[in-house]
Amino acid sequence: MKKMIMKRLALLVFVVFGVTFVSFFLSHIIPGDPARMMVGQRASEETLKQVRGQLGLDQPVWIQYVTYVKNVISGDLGTSIRTQKPVLDDLTAFFPATLELAMAAFFIALLIGIPLGVLAAVKKDRFWDHFSRLFSISGVSMPVFWSGLIIILLFYGYLGWFPASGRIDLNINPPTRVTGFYLIDSLLSGDIVAFKSSLKHILLPALVLSYAQLAVITRQVRASMLEVLGQDYIRTAMANGIHGWVLLYRYALRNALIPTVTVVGISFGSLLGGAVVTETIFGWPGMGKYVVDSISYLDFPAIMGFTLLISIGYVLINLVVDLTYYFLDPQLRESEVD
Amino acid sequence: MSAEIQTVKQIEKPITIHPVWYKLKNNKMTWIGFVIIFVIILTSLLAPVLTSYDPTKIYIVEKFQGPSGKHWFGTDEVGRDILSRILYGGRLSLGMGVLAILITAAIGIVLGTISGFFGGYIDQIIMRIMDMILAFPTLILAMALAAALGPSLQNAMLAIAIVKIPVYVRLARSETLVLREKLFVKSAITFGIHPVRIILKHIVPNSLSPVIIQATLDIGDAILMIATLGFLGLGAQPPTPEWGAMISIGWKYLLDFWWYPTFPGIFLFMSSCAFNLIGDGIRDILDPKSNS
Amino acid sequence: MLLEMKDVSVEFTGMRGSVQVLKNISLNISKGEILGIVGESGSGKSVTALSILRLLGNNAKTSNGEILFNGTDLLKIRTKEIQALRGKKIGMVFQEPMTALHPTMKIGRQLAEVIERHRAVSKKAAFRLAVQALKDVHIHDPELVAAKYPFELSGGMRQRIVIALAMAAPPDLLIADEPTTALDVTIQAEILNLIKELNNKNDTSVLIITHDMGVISQLCQRTLVMYGGEIVESGSTNGVLKNPKHPYTKALLNALPDLADPAQPLQAIPGEIMDLRHRPNGCSFAARCSIAGEYCRTHQPALVEILPQHYTACWKGEKEQND
Amino acid sequence: MIDIHQVRKTFKTGAMKIDAVKDTNLSIQQGETVGLVGESGSGKSTLGKMLSGLETPTDGMIAYKGIELWKKKKFKRLRPGEIQTVFQDPQSSLDPRMRVKDIILEPLLALNSKERKEKGKMERLIYLMKRVGLKEDHMNRYPHEFSGGQRQRIAIARALITDPQFMILDEPTSALDISVQAQVLNLLKELKREKNLTYIFISHNMSVIRYMCDRVAVMYKGKIVEIGPVQSIFQNPKHPYTKILLSSLPSLFEETKEKINFSHPPSLSSESACVFYQKCPLRQEICLKEPCYQPASENHTFSCHLQ
Amino acid sequence: MKKKLFIWILIMAVIAMLSACTKNANSNANSTKNEANTAAEKNGGTNDRLTVGIMADQGTLDPAVTMDNSAWKITYPAYERLVDYDGSSTNVKPGLAKEWKVSKDGKTWTFTLNEGHKFADGSSVDAEAVKFSFERLLKIGKGPSEVYGVISQIKAENPTTVTMVLKENFPPFLSTLAANYGNIVSPKVKEHEVNGDLGQNYLANNTMGSGPYKMANWKKGEYIQLGLNPNSRVKPAIKNVYFKIVGDPSAQKLQLEKGDIDIAEGIPVEQLKSLKSASNVTVLQRPSLLVDYVYINTSKGNNALKNVKVRQALNYGIDYKSLIDAVQQGLATQMRGPIPKGLWGYDDQAKQYNHNVDNAKKLLADAGVKNLTLNLLYSDNKTWWETEALTIQANLAEIGVKVKLKKVAYAMSRDMIDKGDFDLALGVWSPDFGDPYAFLNYWLDSKNFGLSGNRAFYKNTEVDTLLHQAATINNQRERETIYKKVQTIELDDAPYILLYQKDFMLPMSKKVNGFTYNPMLEGIYNLAEISN
């Protein structure tokens, strides 16, 4: 276990280093002068030169890279060209919102996807199987802006049950920041009003986002359930009188979830990345829009910071996936202990 | 002896119907998928016959007209007929999506089988690079690429291919790892057959089915990604009709001119759905794990 | 009579239409008896076993006949009732010990789970009973083993545990489907001994299914020989093995290399195992039979008592008797 | 023909090192059938794989006709197709996507073009297929259209296409039904006689070994514990493991034989103990030292202190 | 073990709930406040709140750094300047300065400050603060410093008198002081200095001005809230202003109709028509100074573009009316010369190109140009550019010029424009100060090639001379005459295709009163005078 974590962390260093390296040099191939973007259109050459000097852009690329890496190690991700604020501040402001949304969506997707997948497997080739397939496939195929707007129209426009945008009502003070997740922070500080409000706000976007991820989970659960249900030990258990829920959940699902974990891990990664449109439609203060704007501004420090964050996140998610494997599959646990 | 031959002959006949076809025949969902794709491909190929409008010709006076007998799907912000743009756009959207995935799958299979078959350092290097690609935010990689090579549909396709390669490499690799243990591969090794030949003859053909499944499922996604890149100015350049781009522009008008994003959206939805249905169907048919 | 199958037929509906895998199977097991079914792959022996507990898949249909267990027709009772019967009254052991156990549940837990199902005991008691059950199948250090996962144990150990699971209730009837096929010969002997011992101790009836004549000869009092989904011969084990009446049984015994003279070729049975999809009109073995005549190919023989308590389904056998 | 000298194969899993084959010596004469018998994990298949080039020996020397097969972890083929292997599982040993014809001709791809042409002639192919009991019109079918026995015939035809002199038969019949097993065993025996082949026959089935082999080597935990002519071993087994193996065979007609059982692992053990020490019912203190090979009769040696 | 885990989780959950309840009791005040607010809002009677729906979050708010006029809507009301724009005109009126004097040579400006203005932090706005603000801006040296590059020295004579000495005469100087750059920042910002950044980091997220409002709360990506500056003498009706980020236009529209936002900035012009039918919404329409035009690359682009006839032909090739209809729903006016209507210097007699295909074709033929293919560069920065580009493409096709559209990312487009890597490009321009200088000197002076203004890479020595002359005279009359001349030359040389002057359109709730639109302060609200 320790060995595995060490290995993963080594991989983290490797991947993160590689990613920053590639992205740094890629971003320097791209035409577009960050100094220009920073000083505005009417600046003189003199000002430009000065800013270039400040940004270190007048130095050779590799020196810039070394400087960048040095700064990153000391916790400085640089200053955004677009917002002219430290990238780290921007990311820490936006990231928790994205993460909270992604996790909520992920939770909903699991909550619906797993039972749906189980149902589809148990009722293979019958109505519920077809239903779950159509339902989940329509999820991946439907453009998010579409389902998003329909949901806003319905629940906000006509029914007025849920708010259309934001994380919390404008006049409610967000809870004291502990985790950055409003739902958790409001519970921690015992602010029920804030909790209710943030719950109301997160529900629609999370629903929309999860709909797009449902297919992956449902599909995988169905496939691995079918595989597990066909295995000998299920038959043994049945022959020994195990049946019903115990059979389905304690015997089958637990093992069916093992291969699902990988898929789910990857899908969580794509949730993080794929929240852009959802965030735009629901005015969700996340990273998606920040990044897209940064890209169109060629805001290198912001792009690099985001890339760094995502690649670290990717490796961490992988680590979590592996740890989950360990938890679920005793065989792995034992083999590594030896 | 004659009796033996007789039984043998009796066995022969039904076996000639390959089980795949039998299963396919009975899989309604997959057929629905095929029919949808077929219709979309057919209509987009027959676009010049089916519609008399030029998909790129601008008639400002007729902008934002709702669906009518004249314009079945209405017109867009510069008065172009949306139906004709959808039909012509189908060629591009579907074609490019399919092409992008084909390229990806091909590269992925090559790298994945090499990685899985030879193992060791080659495997490590390939897989670490794949890790890096996976860890790279898709959009940024695509942007950087398109920016470096100049924005065009071809480059958008290339970007998608690179972003999606790791999936196929992993898939092909894990298949190869399984196949490498199969006795027919071991046999081939004992015969002294060249590894490249083994890969081409045994590994690749036998690892195709999951790749095909994944590819089919990915096409819909690729179409969407091309659209996203198009929206960022890195895909098809206007006025080329392309579904994703149409939707990207049109969705701002959803509340007032619902038809603008809706019809291309329906087509996108239908084709993505169809590819997913086909992919799911093929998975059921080819994947021995899901067989009962 | 503990179990009585009467004229049971099973059909599989598959991709290429339906296949009759069992044809009019009748058998009975009395209390304390060990009955063996021997046959090659595709003979329908496993289907017979599974049909008793109604464990055949959705695509299988038991088309006629009845399976009486203590007088109740297992084919007629509701799913709930058969579920209650499984493991409690009829236990089952399968071939593959490597995959027959829940891979991520500890042995003790698995056993306790089953024991809780069948006996009204507390969790703690169930666990104690589980350890006891492990002891009963001669596992040393049962406490230690109870805390292990299946993958930590050898094949022989696992098969003992599978047997312990099946015997947890303990049931009146134990069905063992190729219980030793996947094991080394040395382990096989131990497992067979264990089954015999359990049979003696609890007076449990055993239905053992195998392709191995040796297993049959060691364990069973009575033996059925199956071919092509039908019973072709049945009788006391001694009678069937030493004085086989059906040409298939004879050929099968002759094909064994056990006693063959290495200098002589083995007496192989020509042809391949019958394809169930194409059941011939006549005797199913006729196509491979060395003595079959035209009549055999067109007319189906019935199981007749050729010697006392020794039945065979062969036109020639009958003739021989008559001659 | 084959000389195996002090061969060792070590597998590493995590921190564990397992000797799958250790310090094994074996030589096989031209025209002989040598059986390898033992329980699963005894190393008999690993030994076979080292002969066919699938596993690299960790140590020791394997020579074919006096020429070393493994040099610096690389497998040197004297001539491709000289040594052929038939595996246990006919299900997985044939590529499901190839036609029978292509499967059988596949080994020729390793030969030079001249030889390939010569041996790949249609008549030869048809002759071979007929010889192993297949029909000419099977040529264009796929493996899934055949039964297990037929597939094994295809595998045998494939092995024969290069005119091998030496064949490794790795449990060739254990996946087959009895009736079909007999056919295949007969075929193998006939072919051997016809083509003057040398076999190494790996099996866990004592009766098959007895029927097929001239000599037999009993393996336990990677070590040959007893080796000798079949008759001698069966009638006069020396090693306790061989005895247990033979006594476990359920015999058809004897009611019950005296059974010898394994013993439970002792508390005391040592690195250099006899490989069978852990389970030997007869073990004594002396067994904590590794025994040497002793002769029992001509060509029959075994490794045990206690005889 | 699993069960144990479950029990633990349960216990933890219960503890969490309990502690939540107790804390809730303690922090009752806080939550009741929240409830009260919600209740008040439900009544619909709150009139001290204004919610503005904006499209995107803001970057830095430091007046010395930000060049982004969408950030100014936050900063402008939070600071005061020496002078302010007067109502809706481009003229200035006294602000912090009650009066000012300029020397004859136009190089020395003396301002007399009003007394009693105080920063939100309590310190008073004096000459030192003014001096500090400008010196800070110049020291930081970012974008805005360019505007004040002309300043050579600032002297605080006494607490109420500031003198600024310019390097040269710069007629629009006064006007620049009314812009957001001229915001006077409290010198106390020095207390927030980190690593010698002159408080840039702090001011990026906060305001330190003397305006009627100050930054109250900024939830990144969600909203920015302005509250009242307690020290301001102005007592506005609106006590809280929320700038709520709603990036999706459809969502903004919905929220405006439902009354969740009072002003919606992000609704595309195509959707305004249907908004007008909503009972509670009104759409304000005013002429703006934002002009939309096409750069014709006269020196680095296609060689044919060096020919004035070709450029004129392009000008004749545009169907201005239908373009305005298509792109701006008719809510714009075709330009007449580079200076927009509403700014002095506008010439209502100037030549206006009309749609004349024959003329265009003839000019092309005269120039000997056949099969001309030009690329048209634009980005996604303005939503309407796609339509505009398509329309231009269609228009020019009629005169036989093939246009290839080249849509790239915003930053890239700027880079390409700066380098002259295009044939035609779309652009918009709005003045930073109310002076024709902001148009003509930037657009046409060959000093300003590229992004800095002369994006047509247009060089005409006569124009250069005239422009320099106009920049050194303080007499508006004289300058007007010169600029008129320049305009005439420009129109003949046609380095740009002058398309239209956009109307400012602002959908807002009918409840919002008192909003005055100043074309110089586009996107900035006179919050202090608004009521809701």
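Letters A, B, C, D and E mark the chains in the order given here, with residues in each chain numbered from 1 onward.
Following the convention adopted for this analysis, contacts are C-beta pairs under 8 Å (C-beta built on N, C-alpha and C of every residue); 3 or more make two chains touch, one makes a residue touch a chain.
Keep in mind the model is a prediction, meaning the values are calculated, not measured.
Separation of subunit A from subunit C in touch steps, taking the shortest path, is 1. Contact count check for A-E and B-E (C-beta pairs in contact): higher for A-E.
Mean C-alpha positions place subunit B and subunit E at a centre distance of 45 Å. Mean C-alpha position of subunit D lies 85 Å from that of subunit E. Separating the centre of subunit B from that of subunit D, both taken as means of CA atoms, is a distance of 48 Å. Centres computed as Cα averages put subunit A at a distance of 24 Å from subunit B.
The set of subunit E residues that touch two or more partner chains comprises 250, 254, 379-380, 409, 412. For subunit B, residues that reach two or more other chains under the stated contact definition are 143, 147, 232, 251, 254-255, 292.
Shared interface positions of subunit D, i.e. residues touching 2 or more other chains, are not present. Across the interface of their complex, subunit A is touched by residues 29, 128-129, 131-132, 134-141, 143-145, 147-148, 220-221, 224, 232, 247, 251, 254-255, 261-262, 265, 268-270, 272-273, 276-277, 280, 283, 287, 289-290, 292 of subunit B. Interface residues of subunit C, counted against subunit D in their complex, comprise 40-41, 140, 155, 184-190, 192-193, 211-215, 217-218, 241-242, 251-253, 255-260, 262, 265-270, 272-273, 288.
Touching subunit C in their complex are the following residues of subunit D: 39-40, 147-150, 177-183, 185-186, 189-190, 204-208, 210-212, 230, 244-245, 247-253, 256, 259, 261-262, 264.
Across the interface of their complex, subunit D is touched by residues 12, 15, 182-184, 186-194, 197, 201-202, 205-206 of subunit B.
Listing the residues of subunit A that touch subunit B in their complex gives 11, 14-16, 18-19, 22-23, 26-27, 29-32, 124, 130, 133-134, 137-138, 140-143, 145-146, 149, 215, 219, 223, 226-227, 230, 269, 273, 276, 291-292, 295-296, 303, 306-307, 310-311, 314-315.
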